[in-house]
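Two complexes come next, and they have one chain in common, chain A, joined by chain B in the first and chain C in the second.
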Partner chain A sequence: MGELGATTLWMAICLATYSGVGSIVGKIFGIYSLLESTKKSVYLLVLVLGVCTASLVGLFISRDFSIAYVAGHSNLAMDHIYTWVAFYAGNEGSLLYIAFVLSVMAALAVRFAPSSVRPTLPFSTAIMMVVLVFFLVVMALMANPFAKLPITPPDGEGINPLLTHFGMFFHPPALMAGLIGITIPTAFALGGILGKQTRDEWVEIGRIWGLVIWLLLASGLLLGSWWAYTILGWGGFWFWDPVENAAFMPWLVLTAFIHSIMVQRRRGMFRMWNIVIINIAFSLALYGMFMNRGGPVPSVHSFGASSLGWVFLLFLAFGTVVPFAIFFWRFNLLRSARALESMLSRESAFLMNNLLLLGIAFVTLWGTVYPLISKLITAQEITIARPFYDQVNGPIMLALIMLMGIGPLIPWRQASVVTLCKSLMWPIIVGFIVVVIISLIGFTKLYPLIGYGIAGMVTTGITIEWVNGCRSRRLAFRESYPLTFVKLLMANRPRYGGYIVHLAVVMVLLGVLGASFFNIQKDVVLAQGESVDVSNYAVKYVGTNVVSRSDRVSYLTDVEVSRDGQFFKNMTSRRDFYPSFNMASTRAAIHSTPIEDFYIVPSENMADGSVGIRILVNPMMWWMWVAGPVFVLGTVIALWPDRRGSITKPL
Partner chain B sequence: MSVFLSVLLGVFCVGVVVYPFFKNRYFPNMSDAPMEFADSTSELDNILRSIRTLQLEYGMGNISEEAFNRELDQYRDDAATCIQQMEIGRSNELETGVEHEIAIARLRLQNSDDKPVGETETF
Partner chain C sequence: MYCKFSRTVYAVGLLEARPMYARYILLLVILLSGFVLVHPLHAQSPEQELSTMEYDEEEAYAIDGMIMCPVCPAETIDQAQVPLARQMKQIIRQKLSDGQTREEILDYFVDRYGEQILAAPKREGFHLIAWVAPIFIVFGALSLGILALKSMKNAKEDVPLGSTIVDDQEDRHRYLGIVDQIVSQNHPSSSSSEDTIDSEAGDGDRG
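The block that comes next holds the complex of A and B.
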């Protein structure tokens, strides 16, 4: 099976190279058969890389330790369920996964490309293939997942313990797919301007792919936070770790893109801006992959670490310079159809939203690369920690969420001050009431007060939009309220899907504010039978069960929890120690409700039978995790195709 | 087994990649013909969508009647300009299509002249 995998890898290189070169040659010389043939080879790549991927998964299933990658990332004790995780647990496998995902996306992009971009599709195909060939060649020459060991060991080294978590089935694949997926809208944008299609031909397909990729990155980031919360044992969800930041930055820029592309779609504006933004997102995605694969900043996410950093750095330079060179080459052709008519318009709100998002991305980038810059200049590495990001990004994020509440209430083109004030009156009143109520309860910290006020304002604004929309439609069509609601949603999917996503952002805000400003944490060492009070909870340490397995020793810590003096529940948290990795992973015991999370995790098991425990009460964390499905729902609604097709299509 | 599967896959790939050269020898694919003018109905779609949004915004009370009428007029003007451009584009596209058909017919004629006597071909 290893031979099949290695052969298909080279076949994929041949097909991708042929497709990239053939597309350009076919387009320039007008050889239609060649264009058709290259299109077929894009589809074939899915088959060939699918076989390649299946070969590697098959090698893991059969535990073929003659293959270095399989021996390095699995062992006989590994549960079969983690085979899929082991497949991308290391550098070689994750590169194959990325190449396979890109081939699938490229095939879908080519197959379903709308007629508007068909004339320039060969250029877009060539761009996708350049990226794919890079990954395939790096894999074949420098990180071959099918490389054999000189001697087959009796057992493998095993999978990284931190990866044996349910979230790992989705978090890395979603993030890797999201990062590489940015290639597709970038290819359509650059392909368009290479083929001198400098109007809005690529906008609709760019918007669709932008949303898909945005959703993948958002899901990956949320799942990553959940993974950190439940397995890393520190009770937090976001550390501003360099690799976390590396995935966060393209998401921020893509968020800016999916807003500004709406302006181009609707008004033919921001043509240059959108190209610039998608180029920045692409560069940051390449930067993310560079950071994850031998980037110079140490990180907790060093699973894919390798000596390939310099190769990815070179490709990052290439992937930044070439798209911008193409942009400047066609600069004069990229004029917008219209100019901004008023600063008080939806377009201006989108522009402001873009600037704030880019501001957060820039601050994050600065914080991520600052240790390197300081080391280069002063020979002393100064690490930027969470307080920097919280202090700088926090206010910008709050301003952004406030704008999220105001923006949808401003009409396109031009708004009058009177109508805008009328629209904003109730959201501002409700936001103010929320602030008053929270301060009366006794919470007086400034940031959360502002944050909850903004959350109230945004939610009210969205609710009023729904209610007014339903009322207006009901007056016009005399339908029942449920039918009006559904029809309003179906007739304006991008708008109302967007509102649902905005509600999800508010839910995330509630979780972040609660856990960041009102959490209670206690680290204690308890002997058997001892108890400790945390907030209105009392935790009594019952005992620890030790279970030995071939690859790890599990310490199951039982505690009895009382709330307000009454028995509440028994909880069991776990700490697994892996001798071969000299590493421990934990599983927190969490009781989660919309009000608060009660979180308990063992940090150390002492020789005398006592246990070190971290206990946390995290208010409103539940909202953050529930936001995930709401994000998905909103994005799917916004993406759902209009079955009526073109509204100007003749019958 | 691996060698057999590799060879099979390789042959299949070569077959699929080469097939369009034989399939399209006499009939270039019209769908891939260079188009001077992209489909501009999407621009008109956007204008009509904007009008719908404008009507929704007006119905919801987000904009005044005066602003509604002013912007509706502007959108109508935009739509008229767009339809005019589409008409020009369509007529040019038609010309390109006719030229392309003529090129295909010439190619067919040339190919039939090259064939040995007695050989037939079904179009």
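The block that comes next holds the complex of A and C.
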């Protein structure tokens, strides 16, 4: 089966090269049959890489430890269900995964390309194939997943214990798919301008792919936070780790993109800007994969450290310079269809939103590269970690979320100060009331107060939009309220889907503010029967059950929790020690409610039977995880195709 | 605090009584007073209970978040659960109860482990650049954006003649757009009310 995999890998390289070169040649010399054939070979690539992927999965399932990758990332004790995780646990497998996903996306992109981009599709295909060939060649020459070991070991080394978590089934694949997926809208944008289609041909398809990729990245990031929260055992969810940042930055830029593309869709403006921004997203995505797959910085994501770094660095340079070169080459063709009518308009608000998002992305990038700069200039090793990003990005993010409350209330083209103030009055009043109420309750920290005020403002703004929309629909159609609401959502999906996503952002904000500013953390060592008070909870350590497995020793710590002096709950948290990795993974016991999470995790089991545990009370965390499905819902509504074609007319 | 709150309610009540422009001025005042209200409250919130202990746990916890764990990748000592991190946390608490300040404690760790033990460089000397650059990045971007918007206001429009695709429908929309524009210039009040309908009713309905 290993031979099958290695063979299909080389077949894929040949096919992808043929598709790329063939589509350019066919386009330039007008050879129709060649173009058709390259299309077919793009579809065939899915099959070939599918077989390649299946053969690696087969090797894992048959536990063929003669294959170095299988021996390095699984063992006999591993549950078969973790094959999926083991598949991308190291460099070789994740490269294969990335290549396979890209081939599937490329085939879908080619198959479902709308007629407006057909004339330039060969260029777009060629761009996708260049990226695909890069990954395939790196895999074949430098990180072959089918490489054999000289001697077959009796058992494999096993999977990294930190990866054996439910979140790991989705977090890495979603992020990797999202990062590589940015190739598709970039290819449409660049293909379009290469073929001198410099008006709005690519906008609709670019928006759809942009949203899909955006959702993949958003869910990947949230699932990663959830994984960190439940398994890393420190009770936090985000810590500006270099690799987290590397996935966060493209997501930010893509967020900017899915907003600014709406301006081009509705108004034919921002034509250059959208190309610039998708190019930036693409560069940052390549940077993200570089950090993750050959990363030079220490991170909790150092699962696949390798010597691939310089190859990725070269491709990163190539992937940054070439798209911008294409952009500047066609620069003078990218003129807006319309001039801006007013500085106070939805268009301007979108541009400001874009700049703030890019601001956060570049500040984050600055934080990541600054230690290198410092080392070069002052020869001093320094660290840029969480406090820096919290302090610098926090205010920009609040400003951005505030703009999120104002922007949708500003009409397209031009707004008058009077109408704007009218529509902003209630949101601002409610935001202000929220601030007053919260400060009267006794929470008086500045940041969260502003944050909660903004949350109240945004929520009110969206509610008012919905209420007004429903009202005017009811005047026209006389339907029941729920039906009116659903029909309203369906009438302008990009817009009302966007509002749902905005609500999800508010929910994340609630979680972040609660857990960062009002959390209570206590690290204690308890002997059996001893108890400790945390906030209004009391925790009594009942005992630890030790269970030995072939690959790990599990310590199940039982505690009895009482709240306000009354028995509340028995909770069991777990700590697994993996001797072969000399590594422990923890599984926190969490009682989660919309008001607060009660979180308990063992950090060390002492020889005398006492246990070191960390107890946390994290207010409002629940909202952050619930936001995930809301993100999905909103994006799906925004994406849902309309039978009547595009109904939102250009303004 | 209660007094300030009632004053706000009074101000909101005034909104109903005054003419248009006065409302917006009041609104602005309310907004600004919001920030003024928030600020002093922030300063008045020391946790009194903690002072009975030898050290301020909140301060200790804050310092934990500023020091990297030397043996774990990219984690501060409040996150890390290794014994070394625990010892370091113990040292911080010891030093705090000895009456040392945050600065002294941070310096102590810098002396032992070098600058990279700090989770973020100090805001002094060369490393001031790290902190100042983000401000330049954001404000630079915003002012560039405003310049870009200004130039877009004066931009020549892309004339579809001679371009590769002739889209009748788009031309019609463009024509209607120009008509709209002229109409709205002649009747500014009618244009603003149309915008309100547009933003309230969900502009997709009319497609």
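FYI, the second predicted complex is superposed on the first by the 645 of 651 C-alpha atoms of A that agree within 3 Å, B and C clash if a C-alpha of one lies under 4 Å from a C-alpha of the other, contacts with A are read in each partner's own complex, and residues count from 1 in each chain.
Note that in this section a contact is a pair of C-beta atoms (placed from the backbone, for glycine too) under 8 Å apart; a residue touches a chain by one contact, two chains touch by 3 or more.
Owing to the predicted nature of the structure, the values given are computational and were not obtained by experimental measurement.
Novice: Of the partners chain B and chain C, which touch A:Gln197 in the superposed model: first, second, both, neither?
Specialist: both
Novice: Answer with first, second, both or neither: which of chain B and chain C does A:Leu449 touch in the superposed model?
Specialist: second
Novice: Report for A:Val611: first if it touches chain B alone, second if chain C alone, otherwise both or neither.
Specialist: Once the two structures are laid over each other on A, A:Val611 reaches no partner at all.
Novice: Output check: A:Val434 vs chain B and chain C. Expected answer is one of first, second, both, neither. What do you get?
Specialist: neither
Novice: Using the touch definition from the top, say if A:Leu102 reaches chain B (first), chain C (second), both or neither.
Specialist: neither
Novice: Of chain B and chain C, which one touches more of chain A's residues?
Specialist: Partner with more touched residues of chain A: C.
Novice: With both complexes overlaid on chain A, does A:Ile127 touch chain B (first), chain C (second), both or neither?
Specialist: Touch partners of A:Ile127: none, neither chain B nor chain C.
Novice: Does chain B (first) or chain C (second) touch A:Leu356, or do both, or does neither?
Specialist: second
Novice: Could you say whether A:Ser423 touches chain B, chain C, both of them, or neither, answering first, second, both or neither?
Specialist: both
Novice: Answer with first, second, both or neither: which of chain B and chain C does A:Leu252 touch in the superposed model?
Specialist: Neither partner.
Novice: Looking at chain A, which of its residues have contacts with both chain B and chain C?
Specialist: Shared contact residues on chain A: 197, 199, 201, 268, 409, 411-416, 418-419, 422-423, 465, 468-469, 472-473, 476, 491-492, 495, 647-649.
Novice: Name, in rising order, each residue of chain A that touches chain B in their complex.
Specialist: So the residues of chain A touching chain B come out as 1-4, 7-8, 11, 15, 18, 30, 32-37, 40-41, 43-44, 47-48, 51, 114-119, 197, 199-201, 204, 265-268, 409, 411-416, 418-419, 422-423, 465, 468-469, 471-473, 475-476, 491-492, 495, 646-649.
Novice: If we count contacts the way the header does, which residues on chain C are in touch with chain A in the complex?
Specialist: Touching chain A: residues 1-2, 5, 8, 12, 15, 20, 23-24, 27, 30-31, 34, 37-39, 41-42, 44-45, 61, 65-66, 68, 73-76, 78-81, 83, 86, 89, 114-121, 126-127, 129-131, 133-134, 137-138, 141-142, 144-146, 148-150, 152-158, 163-165, 170, 173-174, 177, 181, 184, 188, 191-192, 195-205, 207 of chain C.
Novice: If you look only at chain B, which of its residues touch chain A in the complex?
Specialist: 2-3, 5-6, 9-10, 13, 16-21, 23-25, 28-29, 31-35, 38-39, 41-46, 48-50, 52-54, 56-57, 59-64, 67, 71, 74
Novice: Could you list, by residue number, the parts of chain A that touch chain C in their complex?
Specialist: So the residues of chain A touching chain C come out as 196-197, 199, 201, 232-234, 236, 239, 241-242, 268-269, 297-300, 302, 335-343, 347-348, 351-352, 354-356, 358-359, 362-363, 366-367, 370, 374, 377-378, 380-388, 391-392, 396, 409-416, 418-419, 421-423, 425, 428-429, 432, 435-436, 439-440, 444-446, 449-450, 453, 465, 468-469, 472-473, 476, 488, 491-493, 495-496, 521, 523, 603-604, 612, 614, 644, 647-651.
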